[in-house]
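Worksheet for the structure shown next.
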Amino acid sequence: MTVRIAIIGAGLMGADHAKIVAEDLPGASLQVICDMDADRARKVADAYSAHDVDSGPDRVAARPDVDAVIIASPDFTHAPLSLSCIRAGKRALCEKPLSQSSNECLQIMKAEEAAGSKFIMLGFMRRFDQSYVEMKRALAHGAIGRPLMMHNFHRNVATPASDFTGAMAITNSAPHEFDVVRHVLDTEYVSISAFQPKRSDALVAPVYMVLETADDQLVNIEINNNAAYGYDVRAELVGEKATIAMNAVNYTRVDRELGQSTSYEADWRGRYAEAYRRQNRAFVRFVETGVFPHIASSSWDGYCAARVAEAGVRALNDGRKIPVEMIAKPEFYA
Amino acid sequence: MTVRIAIIGAGLMGADHAKIVAEDLPGASLQVICDMDADRARKVADAYSAHDVDSGPDRVAARPDVDAVIIASPDFTHAPLSLSCIRAGKRALCEKPLSQSSNECLQIMKAEEAAGSKFIMLGFMRRFDQSYVEMKRALAHGAIGRPLMMHNFHRNVATPASDFTGAMAITNSAPHEFDVVRHVLDTEYVSISAFQPKRSDALVAPVYMVLETADDQLVNIEINNNAAYGYDVRAELVGEKATIAMNAVNYTRVDRELGQSTSYEADWRGRYAEAYRRQNRAFVRFVETGVFPHIASSSWDGYCAARVAEAGVRALNDGRKIPVEMIAKPEFYA
Amino acid sequence: MTVRIAIIGAGLMGADHAKIVAEDLPGASLQVICDMDADRARKVADAYSAHDVDSGPDRVAARPDVDAVIIASPDFTHAPLSLSCIRAGKRALCEKPLSQSSNECLQIMKAEEAAGSKFIMLGFMRRFDQSYVEMKRALAHGAIGRPLMMHNFHRNVATPASDFTGAMAITNSAPHEFDVVRHVLDTEYVSISAFQPKRSDALVAPVYMVLETADDQLVNIEINNNAAYGYDVRAELVGEKATIAMNAVNYTRVDRELGQSTSYEADWRGRYAEAYRRQNRAFVRFVETGVFPHIASSSWDGYCAARVAEAGVRALNDGRKIPVEMIAKPEFYA
Amino acid sequence: MTVRIAIIGAGLMGADHAKIVAEDLPGASLQVICDMDADRARKVADAYSAHDVDSGPDRVAARPDVDAVIIASPDFTHAPLSLSCIRAGKRALCEKPLSQSSNECLQIMKAEEAAGSKFIMLGFMRRFDQSYVEMKRALAHGAIGRPLMMHNFHRNVATPASDFTGAMAITNSAPHEFDVVRHVLDTEYVSISAFQPKRSDALVAPVYMVLETADDQLVNIEINNNAAYGYDVRAELVGEKATIAMNAVNYTRVDRELGQSTSYEADWRGRYAEAYRRQNRAFVRFVETGVFPHIASSSWDGYCAARVAEAGVRALNDGRKIPVEMIAKPEFYA
């Protein structure tokens, strides 16, 4: 009854998923590593003892020896590959974003509805992160009162590419925040404003967004892709009577040279390693049982993230508040 | 050569100032406690051994046995009493705001210019707080690179009055943030946007402001007057290569009942006790030497705070970004 | 090639191990749950889908369908069951202590030597805990200079049994500290002193120990089994030029009712969940490869822990420093 | 009614006291700076506008223009100068230690008893430090239950002199811990054990002491004079149901270069600046009222600190637990 998994995309994220499947997922096996670059696929397959390699992303979902797919290929391929999984009747864990186009997200939703079942679980792994889990639990228990605001900070050491723009900060980095905040607050956005200071160098400056929700809350998001000092994600949820905030997790601290210090990591992988493990286990259970994990992101959530990002880019370009207009949530995703 | 001080206003702030003068200001003596309510004046005078009491706020600056004045009476009296001090040729430490009307601030500036000297030091004591001093020093030393953003949070346990409004959050509470951020960044605001979530009860909800500066920086300010959990001020200054943030100051922590905790105070007085002491010492030196302390707030700073608050109220009412328009800084205040 | 594991002991620890094998150990399967109480065994077996149950701890190692054993039965059975595993030629992960009698530990060492291979990996899981891993790495990198002292604090909410004694604090709780400190410092103890305050109630008071090492270092250990406030383990390693200390790991913090707080857990399981997982994975690799994990505790380490505990009990009873006398480390364990 | 103060000793401590008297003590004036080195006295007198200088420490207490004395001269002069103050009928704030010889302390006690009044307030300023004040208050309020242990850590960057010894760590540095712990716990020591690791260089290694109290508590003290990384004092008071620990006080923290850090100071002066101020104000009130401050250290406390230090040196030399034998507390100091 082992779930045989194919991973599409043998880059950084694909290799990480291969490692998780190989080392952390009882009940799953690493069946295929697929990449258009066959050498790259082979390298990852060898590193984690996958059974086979494949260089045809489009056809891998249809392989009879594959029970489920992890899509970790370039962003623009997520939507077509998701559709190929739905056609093949295979569940897929798709790295975010589902698509940067909300229209393309709608197509995937339609395909799922037509198939009569959810197939796509979206890789918004933060929902599985212990910090957000504790925040959501605090709300459920009434520990902080009704939520009023959520402050969110996303900081990277440096942009992945030299031609990174403010719009890309909104479409590539912010979706993690858009999704997990919706999830924690259990609401939708109704407007977004975006601001941006200027840097003295050629790097992209931070983008700061203020969103209003359907429940009259405020959500503030800093996306600072060139924060320089470390990979650092923060969040504080402000309730009517108390607040709950994400705590930095460090296993040791050091006293040295007139200072006490803890460390930041250089990228997201250590910070979210456990969230990825939990997410991927939830995915295996989804494949085994057909029951979509209630905590996970669906195609609908992918649509919502794309929609608010589209409005965010306009808000940044126009320098004013933009409404976030969405279709009514289909019964199918209720 | 002792500086003989009169305090106008024998309420909470006036009593605090009386205590500082009596117990913490070598070189100064508590000459007069003045309040229209003579009993109230007497009570504070007795508590801190003031030499005399007076019930005429308008005439106290002119008393020959008074060298300097601390104005701690209700907000609307600050401007006329400041003018009476200038007329009497006495330096005054005036509690904030100088006035909620920027026009009234301009009148005081004109009076000082006409008198040929600065007389009014404004009680924006945060400039003397060690946290902000260290932030300003970090900038001066290049420790964090060019500043890009400053995040500010001001939280009170509860509003002082039941009819507190969002506009009052901007005009009464936010000026401390407006002033100290201008001081730390050494710049002026050019626009302000304001947002407000809704509470489920009748209390005033937080106000969240985003300001842009003349140096293309962002300044974010949360004023949360009913935060419930404690008096809590936070600030983080984000530079191009590093950040510096205010740290909560606690002398002990407790492990008890499955938790480790530190304490918040119920109001601002413990948190800023040292800042008030430093400010008042700077004021005594100002009186002794006639040299305006370079770190302190002047009437010009009072004008700037009033001007941005006026724009902030409009931004909150109109739901859109409002430019902050100010007169050019007079040579006299350069 | 799946490693088929039998767990002896279906109590708290046994059930935890069953969960880890079932949910976190790719490459291993839960073959047998063994307990003299067959109902208890059945309950755990059902909870984690073990293939079989057994009520004869002595014979389970010899079962042909068992590749490896986890010994989680009562302490006094650890040594005889370890010997039965060695006789059956099966690797065993034995919960600590190997034995409270150093003589019994020597017998196991002899059995391993006779068998020509190490069979027993001791469940001192702290060696796999990230905090200690980082401390050991800091030493290896010279980050704090030569180590001089290590301060260790072990605090439980309450003693497991009402007849817990100071001697039991040394023989039952302290061995974790004895072992992990030896491991981090890579040295042996040469003396131990023990002190004990008095409580006002009938509960066992903390025991405080000072140990000297063969490398002229000091190791201080507080065992506070009735600390009341939470499960809390701390350690600080003091070097000649810097220190490194264990940091409390918390995913959120809460601001409420004039305090900011983080949480303690009520027992060790959350704190060391990841260490147990890592340890058990190392054990599976040990079974697969026959190569003893260099980081893990062997029978020799079990002997050392027992020997220092024996000296510690004498130090507590006699109220004076007691030398820790050990046999020379056998070549076999070098 | 100003208290005219003479300071004996124009070194580091004397200059600090001069600064406090000049800038922080309403009700006191800096009358005389006295040092056998007249130039040194003059330099400090000029810096803080003292009225006069004197080069005869023995006779300064007798000056008619001096109301009170602060003794900040070398340690061996503390006792004879204290006696000269008692003879002259002047209150003195004497820097610690009163004497390293408990016999000499007894002589001072006798002189006070003969004079019928307390004259000497000892400069154990930590009793005025907010952290210890909060610990003592927590005990008084029953917040942590009956105290069982107190862990204390005293770390300096480097020893003041190259010929510093372990015995000096006990007689020079530890008395601050000896005194403040007695004060917080309100008890006396009955035994002391001392341990010392070895450094790889010529610097003095830390000394670690375990003391037992008359109330069956344990007090552990690390004196680490060459801790290298910063000036760092820590204390944790462990009660039967909770603990309270000293918190490091920092006004800012910095995120930079993959780390978050706060600062240590290089010496004690910033850390205890407020404690010195509070202590010296208490001294001025003592001079004004003749009522010995209930929180302050008396000659009896100086005797107790000397006595435990004498036993501590023996414990270190002999490598065994030494009883701390003291005279019964005289009625006069009750």
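Order as written gives the chain letters A, B, C and D; numbering starts at 1 within each chain.
Rule of thumb we're sticking to: a contact is a pair of C-beta atoms (placed from the backbone, for glycine too) under 8 Å apart; a residue touches a chain by one contact, two chains touch by 3 or more.
Please read these numbers as outputs of a predicted model, since none were measured by experiment.
Contacts with chain B and chain C are shared by A, D. Seen from the C-alpha centroid of chain C, the farthest chain centroid is that of B. Note on chain placement: the centre of chain A and the centre of chain B lie 43 Å apart, centres being C-alpha means.
Separating the CA-averaged centres of chain A and chain C is a span of 38 Å.
Centroids built from CA atoms put chain D at 38 Å from chain B. The residues of chain C that reach two or more other chains are 229, 241-243, 255-257, 262, listed in rising order.
Considering their complex, residues 145-146, 148-149, 151, 193, 195-201, 205-206, 208, 210, 212, 216-218, 220, 222, 224, 226-229, 238, 240-243, 319-321 of chain B touch chain A.
Residue ranges of chain D in contact with chain A, taken from their complex: 229-230, 232, 248, 255-266.
Residues 22-26, 129-131, 133-135, 138, 143-144, 241-247, 249-257, 262 of chain C are the ones touching chain A in the complex.
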